[in-house]
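Sharing a structure, written as structure tokens. Questions coming.
Labels for the chains are A, B, C and D, by order of writing; each one numbers its residues from 1.
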Amino acid sequence: MSRTRLEVFSDAVFAVAITLLALNLAVAGPGHGPLLHQVADHWPSFVAYLISFMTIGLIWVNHHALVQNVAVVDRTLALLNLVLLVFVVLIPADTATVAKYLALGGQDARVAVLLYAAAFMGMGFSFAGIFEWTLRSGRLRQPLPKRARWKARLRFGVASVLYLAAVAVAFVSPPVALAIIAAVPVYYIFERLEVVGSPAGDRQQ
Amino acid sequence: MSRTRLEVFSDAVFAVAITLLALNLAVAGPGHGPLLHQVADHWPSFVAYLISFMTIGLIWVNHHALVQNVAVVDRTLALLNLVLLVFVVLIPADTATVAKYLALGGQDARVAVLLYAAAFMGMGFSFAGIFEWTLRSGRLRQPLPKRARWKARLRFGVASVLYLAAVAVAFVSPPVALAIIAAVPVYYIFERLEVVGSPAGDRQQ
Amino acid sequence: MSRTRLEVFSDAVFAVAITLLALNLAVAGPGHGPLLHQVADHWPSFVAYLISFMTIGLIWVNHHALVQNVAVVDRTLALLNLVLLVFVVLIPADTATVAKYLALGGQDARVAVLLYAAAFMGMGFSFAGIFEWTLRSGRLRQPLPKRARWKARLRFGVASVLYLAAVAVAFVSPPVALAIIAAVPVYYIFERLEVVGSPAGDRQQ
Amino acid sequence: MSRTRLEVFSDAVFAVAITLLALNLAVAGPGHGPLLHQVADHWPSFVAYLISFMTIGLIWVNHHALVQNVAVVDRTLALLNLVLLVFVVLIPADTATVAKYLALGGQDARVAVLLYAAAFMGMGFSFAGIFEWTLRSGRLRQPLPKRARWKARLRFGVASVLYLAAVAVAFVSPPVALAIIAAVPVYYIFERLEVVGSPAGDRQQ
């Protein structure tokens, strides 16, 4: 399979999902109180929007770095990639659910954040699975030495572990679980995935 | 016509359709009972989401394998491709209909699954039509020997036949019809379309 | 400007618009009468869906043929292309309006079909404008001889003239206006735009 | 990072955002008065649609000119680009808000136009930030002489300054603020960004 087509399809899914996120931000319209109050009451939507946007954005950056270093894009990778996208596509709906229930607190807020964390966890594990598969099947263009493999696994695995923690924490404190979810894209902003997206790769056009 | 542009356009349609599927998963929001119950009652949406997602995903993989092996992308192929996309674009709406009516049972569930199966059947026959046309017009880059042609037709035709069966079965048992529809992407996960997406093709970047 | 980027952006807009068309096909859901009746009452939606889908699809095919033969994609062409897309993006909303009002007849049906025809007319004239500009600015890769120019103008102009007729006819008979609109993509299916999308262009990969 | 992938992803986001704009144009449907009156009452939607469409369209043209002249697309640029897209994605929702509240006047209209202007301001400053970063990090393919830099900053900065003015003016007169916002794409239609999208760049395919 052509790498370009895998990337175009994935990028289009990432782009549509990231743009649909903002549909939750539309206010109800006239007859629902002063607009300023509606917008102020909408703060959970903005928080959820920003977290989801940056997470999908960073997954897109990492996806690029990973696929760029794969020598052969075959049917198995295309299928693993579809599993990743199953979770990416869930994010706009789960973001809307968090936006609706976060401020209400109680059991519903716990369930909403749990669903949200679960979608991200599925995304994290799918991504780690793709990386593991490329490592084991020896399809990386620049094979990693043994030690570097564990370092890379650790770096990619951090997200999955944090999302797993967020799922558990959601039962106790939805805001703390949200903070953990928000921390993941922040982590990847500062953590360059050097082992995969090598400086050489970055410099290529 | 440039193959790239046919692929970019088709991939974008596949990507938008696959992402719109999840819009059906959004819950109604506060005032409609506990969130946990709303989510639990939503199970037909999740089942329909997974079936539609994997089917569109596999059609995308197969579409790639087929177009990659076509030597010349001309106006006729572009038109046949539009007919395929007419049915792909119907899938999010038909998925929503199944999600709304499946759990209710009775005549409405039968009609909903029938519409759903009919959209997939249209997609299957369009795809088989594109394959047949590329075979007959001698536009494959690697022409198939006579015997391989029948094997390939069989492999591509399986989906259309199964969808036709699902349409018929929908009158009797919607759940069985759904199971047949769900079986098609599972079949294509394990059935490599070797005659079209040849190993050589897979290995190419 | 890179031709590729103009094409990717335009193709994405065409693809999103064509996929949003089907949102009008979703039924209201349980509590609105038997599903079979809802679907049967939905026939104007299906008619409008098919007309809009095939029209956007054919515009995409023609857009490709035209852009492919332009030697230089500059800022002016990018702006003219945006004007074309202003009308393309209107089509899903106008398709929904026709679907809602066609069966009701009377003044509302006339206004709905008028809006629908006007969007297509804008699209047709924008497209003719782009073609005229490429002709006059001498930017075609294969310059057309004088006689071929008039032939090409005629071929591209047919759509605009038909849409203008549909706008006029909409005041008298919405169904006849719709039939005229539906005739345009059928015309372009059989009319190869040879002067622009030359056989040589078609044969290129 | 590959420039192509940055462009494909950004173009897809621009394309989806620009197409979602038109969702606001759909009328409420039968039972809400004569269609002609509904359409006439919809004029703020059309005004907001045209302003948002042309602004996103021109940002797309400028984005292309800027990215085309960057020698190396690295992780930092990808992140800055995501910040730009955060604001682009907000535009359909803010356009809908303006459409709903503009004609009502009063405090709500002021807030609606303020939010709208703020999204554009964020977009303008993000874009200026990307330009500043490419200048300082010396990543332009054709480095600018000192004097040309200030000229270029001025040209890119005009939009941000105008949007800042629109934010301030929105408190006093929403229509004047809207007029300022509408003036920006008109300015960029006539102002060729020669220093960045050089004639050489324009001529390249």
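In the analysis below, a residue touches a chain if its C-beta (ideal position, glycine included) is under 8 Å from a C-beta of that chain, and two chains touch if they have at least 3 such contacts.
What you see is a predicted model, and the numbers here were worked out from it, not measured in a lab.
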{"item": "Same-site or different-site touching of subunit A by its copy subunit B, using the half cut", "value": "different"}
{"item": "Distance-maximising chain from subunit D - centres being C-alpha averages", "value": "B"}
{"item": "Mean-CA-position distance for subunit B and subunit A (Å)", "value": "26"}
{"item": "Computed distance of Cα centres, subunit D from subunit B, in Å", "value": "37"}
{"item": "In subunit D, residues with contacts to at least two other chains", "value": "8, 12, 15-16, 20"}
{"item": "Complex contacts: residues of subunit D adjacent to subunit A", "value": "1-3, 5, 8-9, 12-13, 15-17, 20, 71-75, 78-79, 82, 85-86, 89-90, 92-93, 96-97, 100-101, 104, 107-108, 111-112, 115"}
{"item": "Subunit A residues touching subunit D - in the complex, by the definition given at the top", "value": "7-8, 11-12, 14-16, 18-23, 25-27, 29-30, 34-36, 39, 50, 53-54, 57-58, 60-61, 64-65, 68, 189, 192, 197, 201-205"}
